[in-house]
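Each chain carries a letter (A, B, C, D and E) given by its place in the written order, and its residues are counted from 1.
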Amino acid sequence: MFLNFADTRLIEYLPKVIWPALLATLRMLFFSMILGLIIGSVVAVFLVLTSPYGLKPNKKVYRVLDFTINMIRSFPVIILIVAISPLTRVIVGTSVGEKAAIVPLTIAAFPVIARYIEMSMLEVDRNVVIAAKSFGASDSQIIFKVLLSEALPSIVAGLTTTTILFLASTTLAGAVGAGGLGAVALTYGYQRFDDVMMYAIVIILFVMVLIIQGIGELIYRKIKK
Amino acid sequence: MFLNFADTRLIEYLPKVIWPALLATLRMLFFSMILGLIIGSVVAVFLVLTSPYGLKPNKKVYRVLDFTINMIRSFPVIILIVAISPLTRVIVGTSVGEKAAIVPLTIAAFPVIARYIEMSMLEVDRNVVIAAKSFGASDSQIIFKVLLSEALPSIVAGLTTTTILFLASTTLAGAVGAGGLGAVALTYGYQRFDDVMMYAIVIILFVMVLIIQGIGELIYRKIKK
Amino acid sequence: GCSGSSNEEASVEEVTTEESAVEKEPLDLVIACAETTQALVDAVIPVMEEKGYQMTYQMFDNNVNTMVATNDESVDGLFLVHKPFMENFNKANDADLVMMEPHVFAVGMGVFSERYESIEEMPEGASVAIMNDAMNMDRGLRIFSDAGYIKLSEDVERATLLDIEENPMGLNFVEMDQTQTVRSLQDMDAVVAFFSHMKNAGKDFDNYIIRDQRPENYPQGVIVKEKNADAQWAKDLVDAFRSEEIRAFADDYYGGLYEYID
Amino acid sequence: MIQIHNLYKSYHHSDILKKINLSIEKGEIYGLIGQSGAGKSTLLRCVNGLEKFDTGDLIVEGVNLASITEKELRNFRKKIGMIFQDFALLHRRNVVENVSLPMECWKYDKKEIETRSEALLDLVGLLDKKNSMPSELSGGQKQRVAIARALSLNPSVLLCDEATSALDPNTTDSILKLLADINKELGITIMVVTHEMSVVKSICDKVAIIARGSIVAEDTVENIFLKESLALKDLVGQELISVPENQTVIKLAVRSTDIDKNFLWKLASENQIKFSIVSANIEQSKNSRFGHLYISVHNHEVDATQAYCEANGIQYTLVNTCGKGAEIDVS
Amino acid sequence: MIQIHNLYKSYHHSDILKKINLSIEKGEIYGLIGQSGAGKSTLLRCVNGLEKFDTGDLIVEGVNLASITEKELRNFRKKIGMIFQDFALLHRRNVVENVSLPMECWKYDKKEIETRSEALLDLVGLLDKKNSMPSELSGGQKQRVAIARALSLNPSVLLCDEATSALDPNTTDSILKLLADINKELGITIMVVTHEMSVVKSICDKVAIIARGSIVAEDTVENIFLKESLALKDLVGQELISVPENQTVIKLAVRSTDIDKNFLWKLASENQIKFSIVSANIEQSKNSRFGHLYISVHNHEVDATQAYCEANGIQYTLVNTCGKGAEIDVS
């Protein structure tokens, strides 16, 4: 792949397109990950609580949650965007643009996050849970003070991976006019055969990946032991 | 969302398009996950081996691997497909079609798998590793007989999640003419506004997700304790 | 996915066998297409068969990759994108694709709205959905500039939003996926859309507010590598697309969507 | 008060506890001893409601665990402290945070949590390690954190599963003293699972021996050790003793009363029996002083010794009667 | 042979081991005792090369660990078995697979692995649990698996970190006998970290006391326990003994030789001293029989008793001389 530096509009686009797109990506990623984390944690807690091996086994609730998560995960993101557009319209008033993109991104993210958290909590030493029961910790205390807390490093590692995964997914937000770096790379780089632009954006994405991974590892190390 | 059953070409397409696409998806998913697993495991092993806290700390090797993985993960998949098309041609002789799609899918999958495996291995009880060292287990024995083996349930759970994630990603294989369910949902459903078709395929994908999750959980339960 | 039930696996294999037999005049042809042209290419197969060709097609859902595949000879040719797009691809990738003369047809593009009857009715800062791929963004912008609602800078070949020099109505262009413009009709004041997508969405494509004035600038036709430009099979393929039979099929199937170039 | 009636529990297809019957008075320190794998930990976990049992009744502090609701169970457990065999500390909380956890769960005042956990850590001698993580502790230090944690809620019943197994004798003594003091001052009931007989002797009032899931002996500490039932022999094993030639070893079970009556002096001075001590173990237990004494006497003095013992009401056993020096098993 | 010279190790900023000097002969069973947190486990892990030390030399079986290469370390460790305080079993392997692991790592023949691991499980009494997972075992059962695993490679040095702490006395005895037999037959060197003095007495040849990272005493088992240095007192603590009115408690340290000479009988019959036994602990250790005897005599017989002891070379200590019945500390 040869890079044609003569034809690129990178310099021109850098402040006018790429910078706002970077901010748009950051905003979308931030809000969808935060919302995904909130919803995902709640769902994970209920999964762990109601699972057959959980603290308050409840087949019905577990099945419903499990089913919902699996269903959402089976949607290709672009189709999810379309499928939930009526919902998106209800929530943010439009199905187009940055705010609208956060809805499907969040909905795509929370099942992944919920599974990660569930998985991490399942790996917590059973004896510690038993000890917590022995002094009368309530279910919610066991979840929050024992399971979530003990699983935290593993959850942080999972969140890092998910965030990086969804950085790439914000690309798809371009489909609904939300802009973002991925969309710029596609529209102004890939579609226009401006390889310099494309790789410049990939490098920006790469730096973002490095930063996310770095922050993730820093937190992991901080909280692990 | 109104579904217009009158206009759908679902019935016509079911045997002619959807069935072969289902098989194509299964093949692509299968091969890219197997290859991704193989490469991902090898990379994970080297990551764990050479990490600063690993068995044979080696900053250079670790940095290179870490860098590569992060770099690949920062490519939006569609750009990855273009970027590596020369490589794809060298490997499978063409840059289009099902076989060709497996290359970028594998390349997108292995870093995710490698991170998952690395993460799971890092969660293994340190004392068990120390015990293995105490009777003179070699580094490779510690990796295979202790770390990988003890982390297996967690790895299986991670692989299940990754497989489901990449089931959705095979959608992108349509971009290189590889077909597959996702591509059919996009081209015949999404792009043609045939919502019935789109949802029919989502239901098929959903069933596949259920099956993958079911198999994953079965294996998890079998090997966990 | 391809249409013929047996095509699916066959097409992939053929691509690989093609590779080795590239020099001799092929009787077996693989033509790349996408959802928009697939039905037409499928209709051409029997016409080509009569001429002694064994033709199959390979379906892509990404326009660029049909050209990549043709250029690296993974397929023999394509019938999908319009000429300026191809030329742009050639320039950027040092490729040597040519669109066979005569061209086949063009598809119209227009501005549609579910809220307003004309551009004039639209308020200051009205939101307008525009396709995010290079060629169609340029084409869409030129609809507005030809109609005098915006002014584009003179010295650009493929205009983007940054090339809008004057925008007296303060139109707020939002870039999005080709079919997504149609889907966002109820969220936007106006959208730029292909007639074909409007039709597929079950909407009336004749109900545009304004349309492009120069569809012939965006002709679609058979695209092959330059070295195949004189090959008989390529000529035969063009003839097949332009045959009365196929014209009739296109009129019937696409309901007047395609405007044949004569 | 803990009452266990016909308690039965199985895992998969194997019986772990078979018709256990036990009754422990309020304020008693009750020892539970038995071979590895006998079911001690399982029984203890049943008492806490941590392990469900198949049939039988288990009444602890007036609560019948066979029919307790989830809600009651929580409040019930507040009163039952437990020290686990494997410590079960939270890996991600430091020492003081581990000790605080139960109090946090019961919404103690912040200030109180702080002062109380520091006081407890001081009691177990770990105040200087209060900010260490469990992974930075030695085995015994971890165990002491677990002890402090179990005491944090002022339980009225304390279940100790080998609570001093990782501790040196002196630290063990101080922990036992701590437990005994708590028992005396607050009248809490303590169940002690241990394999250290010295622990049983030093703090327990009563003791039960559990073997393969059944209670095979139960009595006061003094009786259990002096009667030396088969069950106890099975548990503590046989000691090899070498017997001098022409000598007979006689084992004397002695109690405080015998000791007070200078029985050994009388044997030597009044009866002129020339004994020699082979092995001796007389200890101060919680309530009295008792133990065993193995003496050897010349074969022809055996009868006289026997007569002396019978006259003075001293329990005795002839360990061997053959004349040749030999290694024999004595218990 | 293990030679430790000026070994120093710290974590973060605190010294854990300070200038340790030790020398253990080939075939010796060496006890290491000390308070919880003293540094015993750390020292043991240093001997195995599992823990790096800051300065000093550590020569084990001719290999200096201060300058060993990775490769040598692996082969070195094959010869050094270790039983961990926290067992460190693999959770996902069953009992027999855990025992087999070291042999698998050293590429033993499949058949041999099978027969050997079953034989080892038989030795530790767990053959019936061979297919159980560690999570289904009791504390003592886990420990026995760890013991079997440590023995699987026929090590020439065995490091035991509280290897019997979770075992009942009888099982402990059988494990100790097993270790003693292996030691005798194969001449392997064994380092035993324990807090059970009975373990030290029953199998160790020599013993060192470690306190706050330093060796504070080292001698043969008999000397360590009879001399009762301050270090030992610190470790095993003080025993409370009640002294009768007008009586003095005298503590006698007795050895096999004294025992053979009927010293107690002589005291009573030849010297007519009316003693009473307060507390006694005379045990069979690995090589001899020794222990302590606390007798109380009337205050005016103290001098005579002292004279008798001196005449017969019996070590003695007056524990109290005041006349009132009181609780005093004796060691």
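We take it that contacts are C-beta pairs under 8 Å (C-beta built on N, C-alpha and C of every residue); 3 or more make two chains touch, one makes a residue touch a chain.
Just so it is clear, the structure is predicted and the values come from calculations on it, not from any experiment.
A.B. asks: Without chain B in the mix, what are the joined groups of chains?
C.D. replies: one piece
A.B. asks: Treat each pair of touching chains as one step and give the shortest count from chain C to chain D.
C.D. replies: 2
A.B. asks: Ranked by contacting C-beta pairs, which pair of chains comes out on top?
C.D. replies: Ranked by C-beta contact count, first place goes to D-E.
A.B. asks: Roughly how far is chain A from chain D, going centre to centre by Cα mean, in whole Å?
C.D. replies: From the centre of chain A to the centre of chain D is 55 Å.
A.B. asks: Can you compute the centre-to-centre distance for chain A and chain B, using the mean CA position of each chain? Integer Å is fine.
C.D. replies: Here the centre of chain B sits 17 Å away from the centre of chain A.
A.B. asks: Please tell me the distance, in whole Å, between the geometric centres of chain B and chain C computed from their C-alpha atoms.
C.D. replies: 33
A.B. asks: Give the residues of chain A that touch two or more other chains, as numbers and ranges in rising order.
C.D. replies: Residues 78, 82, 153, 186, 190 of chain A each touch two or more of the other chains.
A.B. asks: If a residue has to touch 2 or more other chains to count, which residues of chain E qualify?
C.D. replies: 86, 135
A.B. asks: Provide the list of chain C residues touching at least two other chains, using ranges where the numbers run on.
C.D. replies: 64
A.B. asks: I'd like to see which chains touch which, written out pair by pair.
C.D. replies: By the stated definition, chains touch in these pairs: A-B, A-C, A-D, B-C, B-E, D-E.
A.B. asks: Taking the touch rule as given, give the residues of chain B at its contact with chain E in the complex, in rising order.
C.D. replies: My answer: residues 125, 127-128, 130-138, 141, 145-146, 149-150, 152-153, 223, 225.
A.B. asks: So in the complex, the part of chain D that touches chain A is made up of which residues?
C.D. replies: Within the complex, chain D contacts chain A at residues 45, 48, 50, 74-78, 80-82, 84, 86, 88-93, 101-102, 104-106, 133, 135, 149-150, 152-153.
A.B. asks: Spell out the residues on chain E that touch chain D in their complex, using ranges where they run on.
C.D. replies: 11, 33-38, 40-42, 85-86, 129, 136-141, 143-144, 161-162, 165-174, 195-197, 234-237, 239-242, 244, 254, 259-262, 264-265, 267-269, 272-284, 289, 291, 293
A.B. asks: Chain C touches which residues of chain B in the complex?
C.D. replies: Those residues of chain B that touch chain C are 4, 7, 15-18, 20-21, 23-24, 78, 81-82, 85, 89, 93-100, 174-177, 179-180, 183-184, 186-188, 190-193.
A.B. asks: Considering the complex alone, what residue numbers of chain C touch chain B?
C.D. replies: 1-5, 8-9, 11-12, 15-16, 19, 32, 34-36, 38, 58-62, 64-66, 68-69, 72, 74-75, 178-179, 182, 197, 200-202
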